[in-house]
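When the chains are written out, they are named A, B, C and D in that same order, and each has its own residue count from 1.
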């Protein structure tokens, strides 16, 4: 049963130090508002899971929330590097960051296996790649019928998955529209799910086959208008491409990042 | 690239004697018109695949098209037995029928694995059931990480999948709405795909996340209004429940079945 | 067979349906098969369990049909569901995902340990009667947190040992099922037109725990293919209330009209 | 660097984009990454390949963006696609399903056998430079029927041996890749701002098969980290046509306006 609560209470009750947390959204509907609340509540030692740790994880990593990162592509899309991510990996600042690295196909399959309550996923992956040499969680598995050897990875089962969606109804049924990414699988694979939405409506007016999460698989729904900014919410607002470009400068030095964080995330704590 | 052709030519060119053919549709959008054309063209020795071989397979089996049946539930939903199916299994009439039997979860997973181009599917199935004893295509598989033993089945890869859908556009993009069953997976798992539709439209007016099959994965699209009757087409016509009840009498004896077939399927050949 | 209550007569099938409906808690997530399970689940939804979540294997999640579906995939289910997903997703994310509280199963044969046969009567290779087969039952039996079995009781259907185990109950009884370490408890009740049976602690053999009003022990014994036992402290099943009966009959009436037939 | 044609000047990046676009056949199903691959694929769609099918890993199938996406999941892709599926489905049913004709890949490093590094410069445990990582590339490299690699050429990026094989080309050359029995042929061309390289038969070492108009062999040698060879019968890449250039520049112009920035 999804409770409709405020974001501060939802983060306080659902996300704990040391949790495995997936904040998903594939360039669309990235849950920035929730991530900022996690930073304000000073969560520590999180294992952050995300296919594309872009600005949202650069911020969480730079703010010192993360101990470990499970990911498949870490960059500022169309712009360049994630400087806070690189500073953590290359110089242990603000703290060392363990990295567990996969491919997109691997992580997408691992979320599907998690949603399906299977311990592992089977796919055709990594042929000729060096990655399996450095990641013991990528192993061979043989077909019991043909003997063909395929790739297996453990399923992803986060303690908490956090996503942003366009709308929820008053019961807490959640509607996602447009680019879907892996959000549905990430929610169903997790023990708890926190969903921020642009608005609560009386009637979702959803197509029968729309991507809808029933209220009883969601732990909490929070209203967070523009909660995906600087990413976008299809049907609500556009991607703020200028901010993605500006981030390259903001995150380049520890000082400029800290200043930005103080002014744009932490000071809201007072509010 | 989907060609828009007439049903007779599509069946003649895509379905051959001895093929493995899946006609899917889970109580909704069952491709009866296409099945009747298969009967008229006197296809033989087909391996028929379908989760729920209801009236449509009772007709194909009674007409002598099938050599083998791969299925998970064979009945007349809400009414009773499939008399032609039982006559074939119990008395080899009109010819012996080999039966390969699975559960719904098994076949649904096997179609998914087929669509994903994997040789096998992994799921949690058949605990304590006698079925695996009689089906060598149900085997154990161990998780490479936890050692847990799960169930594996070979993926389903039909030579041809046949489905009925509401609409296609002029390029041959196909829209399915309402109860989706396993049609999308069955089409993507197959080498060839034949789709009958209620109508061709200029614009599908589909939601971005609707269940749509791109024209380039469909071999042929045929216009067959009421092509799912006596099942239904969501948004077009209702299920003909009276016919399902009448079928119990029609199919009960070989003679009454043959009479029905002559008058309702075969004589259309002249037309 | 019908009998007279203070106000209105009801049939044993109505008693069975009402008894099954009463087992469903509000807010339970219920995996519903067609026929009597669907009738009972919707009766529960229209009486004491308005927030029950009905999932049908064809894809509808949260269906609230105004009339009973004759098939597992009627349009009425798509129209009234919160969402409709693929059949593969139902079995992968929702049943295997361990999100089902109660699974409803029927049977052609059920035995004293709650094992279900819907495959064959007689030997598998040369069946005397070829039954419809497994459908979703083997995985519902293993993965739903609880299973309710509902069917009319007779010596033919209630047998000491099923010819074929399609879907597992407690297998040979005792700890036999526990060894499989399944997420699902197994069948917690068999609800018939005569009584309610529940597994006896330790042995996991089904014994009568509720006798429907006006049914005798002798009648149950005649209709059971093994030496059925009656639990200490066995109760009488309360008769259907006026409300339960009127809601159930309205539902059937609406259904008959909608499906263009007399039930 | 720009040079003067009979009518208009063009940049080497424009030459690279046009050369990449020309490799795409009409009706090809193309798995498109962000940046130059997306630009080239859309240039092809707007010129000689109107029926090309563009698939982006975020989910859009058959996208026809009017302006170039800055991210792999821009709303413009959802608006113009035939359908939008989940990212998991893209990798499972569409890429692994062997439905992709051409996969476009960029690289931080590429070597003489077309192996790609997008993971680290230096040792994996203590990288000198931490790169973005694999993304979709390892499976695109293995499963797309053909791969095109597109990147600007320099001694830093074109190395004899990559520090880390993120995505396989021909590995150590010769039959090394063939032993993996992959559905995909591997990289059939590397398209740069200076030339087009293709794998030499038997050795599968990349050699220059097309030199862009006005580029000297010396210039290519200076920009390559191994002793690059030039194929017999090497051709000159035809310069961009006026149409190719005007369509490409209109596309960039529309994009700049839509994204609220000057490119």
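As a working rule, a contact is a pair of C-beta atoms (placed from the backbone, for glycine too) under 8 Å apart; a residue touches a chain by one contact, two chains touch by 3 or more.
As the structure is a computational prediction, the values presented were derived from the model and not from experiment.
S.K.: Which neighbours does chain A have in common with chain B?
M.R.: Under the touch definition, chain A and chain B have C, D as mutual neighbours.
S.K.: Could you tell me which chains are in contact with chain B and with chain D alike?
M.R.: Output, common partners of chain B and chain D: A.
S.K.: Between A-C and A-D, which chain pair shares more contacting C-beta pairs?
M.R.: Taking the two pairs in turn, the one with more contacts turns out to be A-D.
S.K.: Measuring centre to centre with CA averages, how many angstrom lie between chain A and chain C?
M.R.: Going by mean C-alpha positions, chain A sits 41 Å from chain C.
S.K.: Report, in whole Å, the distance between the mean C-alpha point of chain B and the mean C-alpha point of chain C.
M.R.: 28
S.K.: What is the distance in Å between the mean C-alpha positions of chain C and chain D?
M.R.: 59
S.K.: Among the residues of chain B, pick out those that touch two or more other chains and give their numbers.
M.R.: Within chain B, residues 116-118, 123-124, 178, 180, 208-211 contact more than one other chain.
S.K.: Residues of chain D touching 2+ other chains?
M.R.: Correct list: 78, 84-85, 92, 96.
S.K.: Think of each chain as a node with edges to the chains it touches; is that a line, ring, star, complete or other?
M.R.: Per interface graph, the chains form some other shape.
S.K.: Taking the top-of-page definition of touch, could you list the pairs of chains it picks out?
M.R.: Taking the chains two at a time, the touching pairs are A-B, A-C, A-D, B-C, B-D.
S.K.: Once bound in the complex, which stretches of chain B touch chain D?
M.R.: 1, 115-118, 173, 188, 206, 208-210, 212, 214, 216-217
S.K.: Would you pull the chain D residues touching chain A in the complex into a rising list?
M.R.: So the residues of chain D in touch with chain A come to 34-35, 57-60, 70-75, 77-78, 84-88, 90-92, 95-96, 115, 119, 124, 127, 129-130, 132-139, 141-143, 164-168, 171, 177, 180, 182, 259-261.
S.K.: For the complex, give me every residue of chain B touching chain C.
M.R.: On the chain B side, the touching residues are 26-28, 51-52, 71-75, 77-78, 81-82, 85-86, 89-90, 101-105, 108-109, 111-112, 123-131, 134, 178-182, 184-185, 211, 232, 234, 238-239, 241-242, 244-245.
S.K.: Write out the stretch or stretches of chain B touching chain A in their complex.
M.R.: Answer in residue numbers: 116-120, 122-124, 137, 139-141, 143-146, 148, 150, 152, 154, 177-178, 180, 207-211.
S.K.: Mind listing the chain D positions that touch chain B in their complex?
M.R.: Those in contact with chain B are residues 27, 29, 53, 61-62, 78-79, 81-85, 92-93, 96-99.
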